[in-house]
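So that you can tell them apart, the chains are marked A, B and C in the order they are listed, and the count of residues begins at 1 in each.
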């Protein structure tokens, strides 16, 4: 992250020109208050005064602010992007926090206390005390169905989610199954409809009754929401078309896993395709066994 | 035995607001008693108020004063004072009416036009249609017409549908406005028979009959409706 | 006899200098069809909206009695309570199908939405109900996956009626349901409504300009003028023996109602 040059850095050790974890304490307190509210009302979107971050929107500014607000010196941070620890985005964010907070980082799910993520939940079951921080591009699950924001707020207040159900109905009528492969809406604690962020439907069941705390940060839309540990999270579905988490019916060509979520990649110039674990840590761990 | 229908001091007039608000009286202190099993024929010159009285008896015209007492649901109901819901209830259960002309309901077949009041009274729809078919057959309506809406029927055919509708339920009180006006001799006989049968089951009937022969065969009594200046 | 299903008293509403509702008392009983007629601007649609709680009056009350016999002050309901009533006990058929349908969603989705809002989560059941209701309003159930924009005006109205009736409401509000349709299409729609209303024993308030439609459908007619009810009563009596000058004008200006 050497692109970041503090505007008013006094000395020649930029790390110390920032407050711990980049954001000033007042901002962190404001974000923590939003997080506490979000935890108190599972699945409900809480507005917060998002700050400009040294990253463009879409790079996870919401997630970064949440991470910055909850990070302590003894935390161990893991950052994944589509399951991988080694993409530019994941590496940049990890380095950023290593530098501005001097925290330990890891690629191992088991070792991490905070996992910031874009589009995946790790394969290894999460444990009590761990916190997932999701980067959220669009927090409003009714966004495509009801363009008027005031009306979506009213629908949330009234718990009126028939529109989302109608969308599922339309999917099944059109393509035979309720098929949002990503970002399939969930009901949290039987009360609020929530976007799980663009994770694959395969990961939706991992939200249900998870021992870990799940925090969601949307930077551009300035919203934070949460799923506290051990909260009921149900994917929207019909009784006779139950929600089915989907994965490619293959084994990982690196570790042989038949249960992990797979990415399809073009392997050679002939257009041959192979499937490998999207969760790189999980794949390495399985290979090591 | 108590009366099925008793009109007491009935007044009815009209105010024509579109003609400068002129008002005139048609019925004044009209009185009429009809016993069960009795048929009373209204007579009087044209314009005297026979149809007006008949429409008052049906609830179609509102009375200005007086009472129209009907034996209804084991008690007495005053039609002149009844609200819309009570009038509908009385028409459904107690008071039948055969008008001079059929008011055609689009797309409803002759059979269903006749069965409707039966179904409204709670009869099983299949049984109601059977009874409708039997009555239409008795009134010599060709079977090919039973399933068609009466809009395109001849005057006489429509009148027979109307008669079947009025006679289908066994109303305790039945009003008949020119029931045989557009019928041939054979069908006139059927109507006379239907009226006799209604009387013998104890129905009270009030009718306007321009056909004197029919009138004299069915009516037990005549009730004169006179133009007001003459009545005075 | 039973208590009124809906009962409004002393409704008062002004739009600037216009008195849209000027002391209106009105009621409807279970299974009763009430037509609201009157010249354009007389306050008919306003009355319908106020009765349905979609608009507040300045004064007066609207009471709704639910299936358990409990009375609710419609204008004191919370938004949630009103919406709940709107999707369980009530239905609203708008003059313009666009106001009553979701144009981007299939016919089946439009009809099914009311069931889903009422908590139905069985896809096959929702779809079967939608198909059955399309058939009942004389639409081809094979077109269940087509959006309303593929349908004619009359079909859109019928779809709206299906959407409204699928949850078996007790009270339906219709604002000129046949407005803007061809005469032959109007007749068919009226006949359909007439059949459904009597089969289902619905209570219906419907606003119409069409005296013949009022005669065909209504048990009772309410005549409005300048925000007041000038005459009210049994449908055929109001039409055949009108008392008020305005009703006489209204009836005489129609050829053969």
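The criterion applied here is as follows: a residue touches a chain if its C-beta (ideal position, glycine included) is under 8 Å from a C-beta of that chain, and two chains touch if they have at least 3 such contacts.
Since this is a predicted model, take the numbers as computed values, not measurements.
The touch graph of these protein chains is an open line. The most distant chain from chain C is A, comparing centres defined as mean Cα coordinates.
Every chain gets a centre from its CA atoms, and the centre nearest the mean of all protein CA atoms is that of C.
We define each chain's centre as the mean of its Cα atoms; on that basis chain A and chain C are separated by 47 Å.
For the pair chain A and chain B, the distance between mean C-alpha positions equals 78 Å. As a whole-number value, the distance joining the C-alpha centres of chain B and chain C reads 32 Å.
Residues of chain C in contact with two or more other chains: none.
Residue numbers of chain B whose C-beta contacts span two or more other chains: none are found. Those residues of chain B that touch chain C in the complex are listed here as 14-18, 21, 55, 59-62, 84-89, 105-108, 120.
Within the complex formed with chain B, the chain C residues making contact are 1, 29, 32, 187-188, 190-191, 194, 198, 216, 219-220, 233-237, 240-241, 243-245, 248-249, 252.
Across the complex, chain A is touched by residues 79-80, 83, 102, 105-106, 108-109, 112-114, 116-117, 121-127, 144-145 of chain C. By the touch criterion given at the top, residues 154, 157-158, 160, 162-163, 165-166, 169-170, 172-174, 237-241 of chain A touch chain C in their complex.
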